[in-house]
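One chain, chain A, links the two complexes that follow: it is found with chain B in the first and with chain C in the second.
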Partner chain A sequence: MRIAMLGFGSVGRGIAEAVSEKDLGLSITAVADSRSGIIDADGIDIRDVLERKRTTGLCGTPGITAEDVIESGVYDVLVEVTPTNADSAEPALGYITCALTAGRHVVTSNKGPVALRYDALMQLAVSRNVQLRYEATVCGAIPLIQALEIGLAGNTITALNGVFNGTCNYILTRMTDEGLSYSQALLEARELGYAEADPTYDVKGIDAAIKLVILANSIWGLNVSLDDVDITGIDGLTTDALALAEDLDCTIRLIGEIIPEKRILKVSPRVLSKDHSLVVRDTLNAVTVETDMAGEITLIGRGAGSRETASAIIADILFIRDCYVERT
Partner chain B sequence: MKLEMKDKPGQLIAALKPISDLGGNIMAIIHQRDPSAAPGDTIDVQIMLDLPGSTLEPLVETLTAQGVNVVRIGEERLLIRRSVILIGHIMHTDLTDTVDRIDSSGLAEVAELGMVMPAINEPSSAKITLKSSSQEEIGRAIDLLRRVAREKDLLVIEPLEEYP
Partner chain C sequence: MRIAMLGFGSVGRGIAEAVSEKDLGLSITAVADSRSGIIDADGIDIRDVLERKRTTGLCGTPGITAEDVIESGVYDVLVEVTPTNADSAEPALGYITCALTAGRHVVTSNKGPVALRYDALMQLAVSRNVQLRYEATVCGAIPLIQALEIGLAGNTITALNGVFNGTCNYILTRMTDEGLSYSQALLEARELGYAEADPTYDVKGIDAAIKLVILANSIWGLNVSLDDVDITGIDGLTTDALALAEDLDCTIRLIGEIIPEKRILKVSPRVLSKDHSLVVRDTLNAVTVETDMAGEITLIGRGAGSRETASAIIADILFIRDCYVERT
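Coming up: the complex of A and B.
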């Protein structure tokens, strides 16, 4: 099956490496980054592209754009892995809309379009008889969407709680373990590359809230936006507060919570018993879903990273191939 | 609580079993048999017990259904506790008032308060434990604390789940 990729940053490179190393039956026929592109209907030599990106910072020829890639039509699935824009979702929203309109499947790791335009994009996909999949937008490598939609099909999901942001979880782990102050722990997270230069989205709970919006709209059809989430971040936390929690044999984690029946969507630091299954360490993510038939299920795994996100993207691509492409 | 039941074999056991079924703990049983009582008369039994939150009503219903008359329910002690953590200028936003507003609500009482003040002008952190007689009331007391905290610009960190 042929795939075209928009975005060739850490996630894009992770996908390209996996496709070239593993025998997945996938052929990359087009790639565009923000400044260049390459299109070859017979399949691109991915090792060349990775090497060129590493040495020149460009994946292909300057002047070939994302729009050119979309219009080339030499692909079955468009893999959209450009950076998230949580305000307008552009330019990713435009790319995804074009590809779906042209009757191509789309797999994305981009939270913006899915959080802001879920209903419209899904309607478009259905009308063109193609798939839009977005496993990588929530909890990186954890197959959460797949578990909720397919593994737990037929269950009523009554509640969902989880650690959705690895950066915050790392900061809280370090504040607890080493008694670091919030700003010291944040600085350390930045040095290790776990936090962005502008950590606002992570530490203020916005990133976690966007993931709740995606789940609320896609799993329960609640039709909510970021404004509907009650958000408190971890930037006001003190080392003393963590020590006080410790006295109760507890700790503090940034928890995202959805109770669909009460329309509760909330991101806030919460006190949890230290042996609670959501108390995971470092940059891990964890999600517990409560269901009527299956009871409680907890998934724990890596929420970010090049290869980890590639895992979710590739699973979506192969799902589309196995369920929709090869059958037709 | 004081119970009244028929004076016949097996009645006391029948009255005590629902207590353990609901996870309660019987602390004392006082029963003085009246030697002049005739078969078929009723006897009085006083029981002191510790019940998990919100199980008093179902217990009374079960007992009544079994023909045991609940004559009197004694003082209900506050057994449900919940701790939250506060961060902010806790002292300078009138801590006495914060505590008073919980205590005077009739929903819960502040049972414990531990505070750490790192330096002047830096936010303090406190662990505050509320006690109440029911889950419902303690929930409403936490709602009240949340409103007071919002007024005073304090951050409330609540437990994800109720724990003892």
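Coming up: the complex of A and C.
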């Protein structure tokens, strides 16, 4: 199966490394980063591309663009891993729309298009008889979408609660363990690369809320936007609040919650007993889903990282191949 | 999609109830229990069958057998939910073999055939271009097989550790919480229906070992049998041992472990820190898989129960429909 890839940052390179190291039966035929591109219908030598990117900062030839890659048509699946733009979703939204329109499957880690335009994109995919998959947009390496769609198929999912943001979880873990203040813990998270220079999206709960919107629209068809999420971040949390929780053998975590029947979507710091299954450490993510037949199912794992995101992307690609390409 | 069902105990009835209550697009056309059967190519009225079973103990007409159901041919998927026989796997092995040979998909909760004859059954399924699925054989409602095969596809799974037996986990939880002796906790588990009259398979670790054999053969192709598992049960555990663990802020759980590269399969009581993710309570199951890309992923949920097992069976049926029937 032939892969074209848009975006060649750490996630894109993680996917390229996995495809070149493992015998997955996948061939990469086109790649574009923000300043260059390379297209070869016979398959690109990925080690060359990785080496060029490392030494020059470019994956290919200047002047070859994402649009050129999409229009080349030399691929079965477009892997869209450009940075998320949560306001307009562009340019990723345009890329994905073009590829689906051309009858190509799309796999993305990009939260913007899925959060903002899920219904329209899915209708387009259905009309072209192709798949749009987005496991990597929520909880990184945890196969949550697969579990909700496939592993728990036939169940009614009545509620979902989880830790969706590793940056916040790291900050809260450090505030609890070491008695650090919020700003000290944030500084440490920045130094370790867990928080960005502008941590607003993470610490104010917006990143977690975007993931709730993706789940609400894709799993339950609630047709909601970010405005429908009741959001409180962790930036107002004091060490006193954590110490109070500690006195009760509890701790505080930033929890995202969906109760679909009541259309409740909420992100807020919650006091949880220390032995609660959502009290995970450091940058981990964790999600508990409540169902009518399976009862409660909890999944815990890494919510970010280039290899972790690559894991989700590759699982989506192989699912499309095994269930939709080889069988048709 | 048409379902024929062999076995109409609590799991079979759980499936029937779910199919009749939910709009899943499934039709049950044949059912047999150990003493009777019913076949109707136009679809059976499942509420009638459930009522008859409740009042008479029979699902259908005496004299109609499992063999009659298999030979009727009025089904796309055989759901095989008769009791496990871990020694010969019969009669389930014969039923499954006949249905696969006849070109029918099979979904089973029966550990015997999958533990004893995985390779032969899978080869038969491949030769007939049908699916054999068995999610319900390991960890009940937890979509573990789906996660390993699909959600984490592309990963190398380097190790797996888990709590696979809810009866043992309940006994250990009660010994820890209440200071009960092993025999007191076992008695309580029996009274609550968590342990069978003869609890040997559970407490001696054999049930957990059978699940490791299923995973070892299906996920890694290790071609092992129960004799290859190093098994220690919980029946020798004393309250003193648990008290010693408690002094270290730890507890004891019966852990099944697979390290595929070293062909290590082991079931044994282990001392674990109380905040370890495999320290779950009561009858819960939990599994952590270690992978090369996704890192560690942990899944926690109910390992037994009729609705929980029905959840896994129905997910398998719907997966076959969505990925193998509708697309071919």
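As a working rule, the second predicted complex is superposed on the first by the 328 of 328 C-alpha atoms of A that agree within 3 Å, B and C clash if a C-alpha of one lies under 4 Å from a C-alpha of the other, contacts with A are read in each partner's own complex, and residues count from 1 in each chain.
The definition used in the following text is that contacts are C-beta pairs under 8 Å (C-beta built on N, C-alpha and C of every residue); 3 or more make two chains touch, one makes a residue touch a chain.
Treat the numbers as computed from the prediction; the structure is a model and nothing was measured.
Undergrad: With both structures lined up on chain A, is it a clash or a fit for chain B and chain C?
TA: Here the two partners, once superposed via chain A, fit next to each other without clashing.
Undergrad: Classify the contacts of A:269 with the two partner chains as first (chain B alone), second (chain C alone), both, or neither.
TA: First partner only.
Undergrad: Can A:252 be said to touch chain B (first), chain C (second), both, or neither?
TA: In the superposition, A:252 contacts chain B only.
Undergrad: Mind telling me which of the two, chain B or chain C, contacts the most residues of chain A?
TA: Residues of chain A touched, chain B against chain C: more for C.
Undergrad: Contact-wise, after the overlay, does A:277 reach chain B, chain C, both or neither (first, second, both, neither)?
TA: second
Undergrad: Based on the superposed arrangement, let me know which partner A:310 touches: chain B (first), chain C (second), both, or neither?
TA: second
Undergrad: Looking at the overlay, what does A:236 touch: chain B (first), chain C (second), both, or neither?
TA: After superposition on chain A, A:236 lies in contact with chain B alone.
Undergrad: Shortest C-alpha to C-alpha distance from chain B to chain C once the two structures are superposed, in angstrom?
TA: It comes out at 15 Å between the closest C-alpha atoms.
Undergrad: Please name which positions on chain A make contact with chain B in the complex.
TA: 161, 232, 236-238, 240-241, 243-245, 247-248, 250, 252, 255, 257, 268-273, 276, 278
Undergrad: Applying the document's contact rule, which stretches of chain C touch chain A when the two form their complex?
TA: Residues 14, 18, 22, 24, 135, 141-143, 146-147, 150-156, 274-275, 277, 280, 291-302, 305, 307-308, 310-312, 314-315, 317-319, 322-324, 327-328.
Undergrad: Which of the residues in chain B come into contact with chain A in the complex?
TA: Residue list for chain B touching chain A: 83-85, 87-88, 114, 116, 118, 123-127, 155, 157-161, 163.
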